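What follows is a pair of complexes built around subunit A, which joins subunit B in one and subunit C in the other.
And then the complex of A and B:
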């Protein structure tokens, strides 16, 4: 059984406002002097509650900087929550960065292994899949060549084949689909669908509202780190589209476009000063 | 954070678990309640099956110790990170793994010519070359391991920010890869033995123990620096040139024990490498073991490792956004 449960989860990043903390400050800070380079707490996620179970396909939408990717990374375990509890059950597979973990001096076969181990495969489970992965790349003897010599398209093929070979229980996807040439794209889309349907639980972030509508059973609209709206994907997407539709009053920057991505007034995450 | 395969019953992991009531309490009274919508769609099968095993993770304390359970589950990854480090290291070089021999060999030459001959340190030591070699080899291992481990987090920034695995694996893998180089370097020592017509004694059995302690110390110093470098890049430079200073402050590498005065002998074991190197040499080429030095150095090595671990855990929490 796969399950995600976020209970009043908040995530706060602490950043230096102006520049990197200097070495001198690093040593002195907290010992003698108050820093003149105040720390800023950025509330990337605030009081998120979310329960998801087997069969859920959750789409996350929202402006840039709304906390979508942060939320996925939180679920993946990359960021531990600052407060609240997070429960994730099930083997997690995260597709955030398609070319993650490539070692450019090593050949294709080795890279399949590095990447697969990063995704939590074991020698036994990988053995069964290795040939499948290799076949799917269609790279043939190029797999014996260091990845350094690959074209970017070939890299994408390799990466995608490995990434989608996992059999995750919890699948986390961050905008990865626009890969390779036409022929491969069709194949990739097919594979992606298979993977999504085999996963017990999926959370995806996308700006492609249509795929959210068609693939997801639930949608969440994030804004400034909080959940604006959650529920049926059609309703949420409609509400979101409505909110970003050209209305001068809503856009301090005066941007007027139809594309929700472009129309973004890039709202900064809430910034709260605090003493360093 | 903890990830579990489904079906594996979990205990609540040893971190602060939040009291249930408290959470609910916060929920109902929280001023931002409006935005914190609880999504609980009526769901098919899963929700109602008694009390399913759960893992609850809250912001964890700085003093939390390593999650051994998790490390065990990811062990294959550790093995492969190590293999990767070994394979990649000399990939684009012509001499390849011969570098693992060149490095200690050239250090030995410098010591023998400049310290031994010109500095006269070789007087009264039989086979000064072998003497230095038995000190330089483990030192090279230590120094390489610490430098590689120290840079391992910033060097693998993308892995750290894009995927989750136990972060200690990165420095661990570096220590493992350096140990591999050390094994290659040991062939030099074997060669030295053959040339000198010497035989090994049973004291050799102590060598693996000393090396194990050396690896633990290297890991400890390595994770301390790995975390320090993430917090402050300046420590990168401190590390590189600090290791050189450290080498010269470990006089047992190039100086025989009778040339070190009693006061120095009393205090030097606080340098964790000192006692280990001293006894490694005794195990290899014979001589008396200095058990006091071994004990003190081990203790100080462990102290450094605990400090390193504590600081590493502290930095690890915010690693992905501060790196």
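And then the complex of A and C:
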């Protein structure tokens, strides 16, 4: 039984002007005084209510910085909510930042092992999957080489293969996934589809509105950390596209800068094209 | 808290495999393997033996060498745990950003690595004592030493955890700890015996020094072949319990803020 329940959840980041303070500076420059090191509160998410059960496929859309990825990280348990209550039941698999966190001195096989343990596998359950994961990467004998020597595409292949080997109940996906070369992308897309159909509950963030329409049973439109609209994916996506498109063509002046060279009038159609 | 411990246990395969990897990395770079990393305390012992017996005319090297080596292993374990504990959250940042693991795992990773090294150098001390004294007194007293070794490991994990959180808040903590460790090394009866402090009326320096307590609990019985007094165990246990409590309290207090501080 997989379940997500967010009850009036807010998340506020308190950012200081000075990050990574050293003790020396703290004393000498008096950074303990609030005036010397002002704090800024950023409301990443505000008063979010969300309930999802088995079978729900939720798509999250919104502008950059609207809090979409933050929301996924909150669901994954990486960010604790500042206020409100959060319940997520079921084994979570999250596909974001997947190329982070390799042990660069260890070889591919060992990294498969560490990652898999991180996802809650045991030596016994991993044994059965190890070969499948290795085959899926198509890295062959490169798996015996320290990960330090891998190209970024190879790293993504490795990461993707491990991350998708789990059988999650709750699947969280962020803006997937230009994985590797063409051949691998097709494979990856296939694998994603399988995962989405086997997961009991899925939350995905995407700018690809068509895939939200086709894959999701519900959609959420986030704006500046609050839910603008939630409900049927077609309705939400339509409302979102409407809100984006006319705003730009109606106010072309918004794009004009103070720079006289760039202040020439621009055809609205051209702007719409650029925005799309 | 029980929940936290349970989570640490359920991810045991993860951190144990990382500890194994750390050890492999540490020992693979050199031909001598484990021998190489033991060479440092051994060489240091040899140097101090020469210096102390020829210049200061102190007692013979047969008793001094194991004394020094035992002291150095305990000291090195505590110091390494704390200095590498400082940067543990920073080194493991990518895991922290990716997965909500109990944050006690990361200091555990570094301390376990140091602990295995500590066990190896303690065995060298026991072999040395057995060979030099031609008896098995240090082996026979091992039952009295093992609880203290466990205690010092819990103590080291607690201090490493505190240091890790301190480093997240002040990024030069490791530097300060290293400077402090230099001073601490010379105020602790490691290269000299406690009598030196007692004779100068400075017994309180040793009495207040938690490292000295563990020296007396581990080095003391190994050298003398006699189990330590019960009151020492009580002190050691109290000290360990208090630091462990502090570490657990700090985790409960700051674990949710950790991600925002990295």
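The working rule: the second predicted complex is superposed on the first by the 227 of 276 C-alpha atoms of A that agree within 3 Å, B and C clash if a C-alpha of one lies under 4 Å from a C-alpha of the other, contacts with A are read in each partner's own complex, and residues count from 1 in each chain.
Note that in this section contacts are C-beta pairs under 8 Å (C-beta built on N, C-alpha and C of every residue); 3 or more make two chains touch, one makes a residue touch a chain.
Every value quoted in this text rests on a predicted model; they were computed, and no experiment measured them.
Participant: So if we stack both complexes on subunit A, do subunit B and subunit C clash, or do they fit?
Facilitator: Once subunit A is superposed (C-alpha atoms), there is a clash between subunit B and subunit C.
Participant: Pick one for A:131: touches subunit B only (first), subunit C only (second), both, or neither.
Facilitator: In the superposition, A:131 touches no partner, neither subunit B nor subunit C.
Participant: Between subunit B (first) and subunit C (second), which, if any, makes contact with A:220: first, second, both or neither?
Facilitator: Only subunit B; A:220 stays clear of subunit C.
Participant: So, A:141: does it touch subunit B (first), subunit C (second), both, or neither?
Facilitator: In the superposed model, A:141 contacts neither subunit B nor subunit C.
Participant: Have a look at where A:78 lands relative to subunit B and subunit C in the superposition and call it first, second, both or neither.
Facilitator: both
Participant: On subunit A, which partner touches more residues: subunit B or subunit C?
Facilitator: B
Participant: Tell me which partner A:97 touches in the superposition: subunit B (first), subunit C (second), both or neither.
Facilitator: So A:97 meets both subunit B and subunit C here.
Participant: Once the structures are superposed on A, label A:152 by its partner contacts, choosing first (subunit B), second (subunit C), both or neither.
Facilitator: In the superposed model, A:152 contacts neither subunit B nor subunit C.
Participant: Once the shared chain is lined up, is A:117 touching subunit B (first), subunit C (second), both, or neither of them?
Facilitator: After superposition on chain A, A:117 lies in contact with both partners, subunit B and subunit C.
Participant: Where on subunit A do the contacts with subunit B and the contacts with subunit C coincide?
Facilitator: Comparing the two interfaces on subunit A, one with subunit B and one with subunit C, the shared residues are 13-14, 21, 23, 26, 76-80, 94, 97, 100-101, 103, 105-106, 110, 113-114, 117-118, 120-123.
Participant: Which residues of subunit B touch subunit A in their complex?
Facilitator: Result: residues 1-7, 10, 17-18, 23, 26-27, 30, 32-33, 35-41, 43-47, 49, 52-60, 74, 76-77, 80, 84, 87-88, 91-92, 158-159, 161-165, 231-232, 234, 317-318, 320-321 of subunit B touch subunit A.
Participant: For the complex, give me every residue of subunit A touching subunit B.
Facilitator: Touch residues, subunit A against subunit B: 1-3, 5, 7-8, 13-14, 21, 23, 26, 46-56, 73, 76-92, 94, 96-97, 100-101, 103, 105-106, 110, 113-114, 117-123, 169, 200, 218, 220, 226-231.
Participant: Help me check something: in the complex, which residues belonging to subunit A touch subunit C?
Facilitator: Counting only subunit A, the residues touching subunit C are 13-14, 20-24, 26, 76-80, 94, 97, 100-103, 105-106, 110, 113-114, 117-118, 120-123.
Participant: Taking the touch rule as given, give the residues of subunit C at its contact with subunit A in the complex, in rising order.
Facilitator: Those residues of subunit C that touch subunit A are 10-11, 13-14, 17-18, 21, 25, 94-101, 169-173, 176, 256, 259-260.
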